[in-house]
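Look for chain A in each of the two complexes below; its partner is chain B in the first and chain C in the second.
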Partner chain A sequence: MKGYHAFVKKEWMESLRTYRALLLPAVFFLFGMMSPLAAKLMPDIFSGMNMEGVTITVPTPTAIDAYAQLFKNLTQMGIVVLLLVFSGMLSGEIAKGTLIPILTKGLSRNTVILAKYTVSLALWTVSLAVSCASAYGYTSYLFRNAQVEHLLFSVFCLWLFGALLLAFILLAGALVRGGFGGLILTAAFIGILLLANLFPAAEKWNPVSLAAKNMQIIAGTVAVGAMMPAVCLTLAAAVLCLVLSMAVFRKTIL
Partner chain B sequence: MNILTLEHVKKQFGGLKVLNDLTFSVPEHSVFGFIGKNGAGKTTAMKLILGLLNASGGTITVCGEEVCFGDTKTNRYVGYLPDVPEFYGYMTPREYLRLCGEVTGMSAGRIRERSAELLELVGLEDANRRIHGFSRGMRQRLGIAQALLNEPRLLICDEPTSALDPVGRREVLGILSAVRERTTVVFSTHILADVERVCDRIGVLDGGKLTLCGELAELKNSYRRDAVRMEFDMTEAQTAALCEKLRRLPFIHRSECDGRTVTAHLSSYREDGRELLAFLADQQAAVLKYEVMEPALENLFLEAVK
Partner chain C sequence: MEQIMEYLPFLIPLLAVEMILAAAALVHVLKHKNYRFGNRAMWVAIVLLVEIIGPILYFTMGRSDD
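Let's look at the complex of A and B:
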């Protein structure tokens, strides 16, 4: 337990001093502010363009459009940023050899995995919360009738998907040697999940739907209950990845 | 009591056999020099002792407990200095030592005390900047400080002197022999002068096994090939003639002449030395220098890795 506390402190210091803890919330804050603004300005942008006689009529934007922009940004750029920032958290340390002096002092390897997961998950949680809170505030300011259904649940779904990715990054880092091994394997993992969505039967359970159906949840076209299989499977998969990464890392050659 | 024991340890990477039946033990409070050519398997052996690599066979015990690959409990007795130590560059030495101390469960007060003590010992007490700007020698010094922080019973150093300037090397060797009172030191090197300075036991690794192992003084004794080197105040021709005469003496195996110096190999210096001196007096040879040769560690090493 002392080792866990010490290593969490180290991870937090690392996040601060490598600017990870500033960069990630800042980028997500930007997403949160940009999305409602982009939705609001969309008609003006189109009317300002010289389309050589073609007129495009854009319906008056609503709060739904603002959230559509937000989730588009978060599920695409947001996930990419998350991957880039955290993909090296374990594989980078293994490649550099910085864990050797610490582990040869008797720190358990499980502790390393758990501490890294704790801090990365905390940063992801804070970043997502900052993003959604700023988007919510700005949307309420820009649009009338800004209330939407199930916003929190929709954000929770995305959060859970991120939590699975972070656990998978740790597993990939323990499995593959080299600094970029974790990144490539995790990208492949997302690719496989996206491919699996081609089969209608898999869609209901597929974790990636947690980062795909956010707008349908808000618009009310997908019921909260319909998401439950994917939520449960993702939760189980995240726990499994974490347990597996500990088991693999115990026998990783450093 | 033996603090470290290796029995029939084998290690191969794919088809490459690195260690092949390695057996030795290190008693408490000794400084064990682990010598071998580059690529002989010294680092591999050390990583096996730390559980960082999986042995292909054999057993290793540290303080009576068996080492297992991966998370090994025996590491709590051990301090380790890797050959090229890597630290978190964004920390200062003091912060790094605090992390190391907390990981091993030391109290905050004890960590402060030991850090100050050790940073002074390794000469980093004024280095309050972050580690990423450190030179290799400074990292090596910090590596020694972190390895000694929790007063390990076994200190394992992988070529601790390799990146250091001559003053640093001398200091590090001084530290290693000073900590002998409290801990047992195993260090690898290929610098034989370092070994002669601090080790009391050595093991020479060659071809995956120890070809020579034991107390340094004893080994030197048993490998003593008695030889006497004499320098004469005579012309080279006279010296050569004298060498020829020496060669014909029954107790001299071999004698070599090089300018005005003659080296004579005897069966036993104690028994035959007197007769040699008597012979020289009889020949009225003008002796400038008369020296019984010590076996150099270098010769021992070269013999062992032949």
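Let's look at the complex of A and C:
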């Protein structure tokens, strides 16, 4: 337990020193702020474009459009930023060899994995919360009737998907050598999930639907109950990834 | 002017985030000698002139590990 506390502290210091703890919330705050603004200004942007007689009529934007922009940004750019920032958290440290001194002094390898997961998950949670809070605030400011249903559940789905990705990054970092191996493997993992979504039978269970159906949840076209298989599977997969990465990392030669 | 007032709640936080990122990156650039690639003048220019993306690029790609 003592080792865990110490290593969490070390991870947190690393996040501060590498500016992860600053970058991630800042970028996600901007996503949250720009999305309602982009939705609000969309008609102006189109009317400002002079396209030789072609007129594009855009319906008056609503709060739903603001959240559509938000989830488009978060599920695309947001996930990319998350991957870039955290992809090296284990593989980078193995490559640099900075883990060897602490591990020889008796810190258990499981603790390393768990502490890294704790800190990265905490950062992801805070960033997502900042993003959604700013999106909610600015949407209420710009639009009347800013209330939408199941917003929290929709955000929770995205959060859970991010939690799975972080667990997988640790597994990939334990499996592959080199700084970029983990990033490529995690990208391949997302690619496989996206491909699996082509089969209607798999869609219900696919973790990636947690980051794809956010708008349908808010719009009410997908019931909360219909997401439960994917939620359960993602939860199980995240735990499995963590357990596997601990098992693999125990045998990794540093 | 009225339009600017309307978007003030956006401009102020946007500027604040930009400033914080640029300042943090600039301090880091000036305090360190080695970068993964490029030189000090290049990174100072990128960090100060490319808003938001510049500091992110520096921290994710330009910053050396030492």
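Quick notes
In this text, the second predicted complex is superposed on the first by the 254 of 254 C-alpha atoms of A that agree within 3 Å, B and C clash if a C-alpha of one lies under 4 Å from a C-alpha of the other, contacts with A are read in each partner's own complex, and residues count from 1 in each chain.
The criterion applied here is as follows: a contact is a pair of C-beta atoms (placed from the backbone, for glycine too) under 8 Å apart; a residue touches a chain by one contact, two chains touch by 3 or more.
Quick caveat, the model's predicted, so the values are computed rather than measured.
Applying the stated contact rule after C-alpha superposition, one finds that A:85 touches chain C and leaves chain B untouched. Of the two partner chains placed by superposition, A:45 touches none, neither chain B nor chain C. Of the two partner chains placed by the overlay, chain B and chain C both lie in contact with A:96. Look at A:106: by the touch rule set out above, it reaches chain B but stays clear of chain C. Of the two partner chains placed around the shared chain by superposition, chain C is the only one that A:30 touches, whereas chain B remains out of contact. Once chain A of one complex is fitted onto chain A of the other, the partner contacts of A:58 are absent, as it touches neither chain B nor chain C. Counting the residues of chain A that each partner touches, chain B and chain C differ, and the larger count belongs to B. In the superposed model, A:6 lies in contact with chain B only, and not with chain C. Legend: residue contacts after superposition of the two complexes on their common chain; A:18 is shown touching both chain B and chain C.
Residues 18, 96 of chain A are contacted both by chain B in one complex and by chain C in the other.
Residues 18-19, 22-23, 26-27, 29-30, 33, 37, 84-85, 96, 134, 138, 141 of chain A touch chain C in their complex.
Those residues of chain C that touch chain A in the complex are listed here as 7, 9-10, 13-14, 17, 20-21, 24-25, 28, 52, 55-56, 59-60, 63, 65. By the touch criterion stated above, chain A contacts chain B in their complex at residues 2-3, 5-7, 9-10, 13-14, 17-18, 96-98, 100-110, 250-254. Note for the complex: chain B touches chain A at residues 50, 52-54, 69-71, 73, 75-76, 78-80, 82, 84-88, 90-91, 95, 99-100, 102-105, 143, 146-147, 150.
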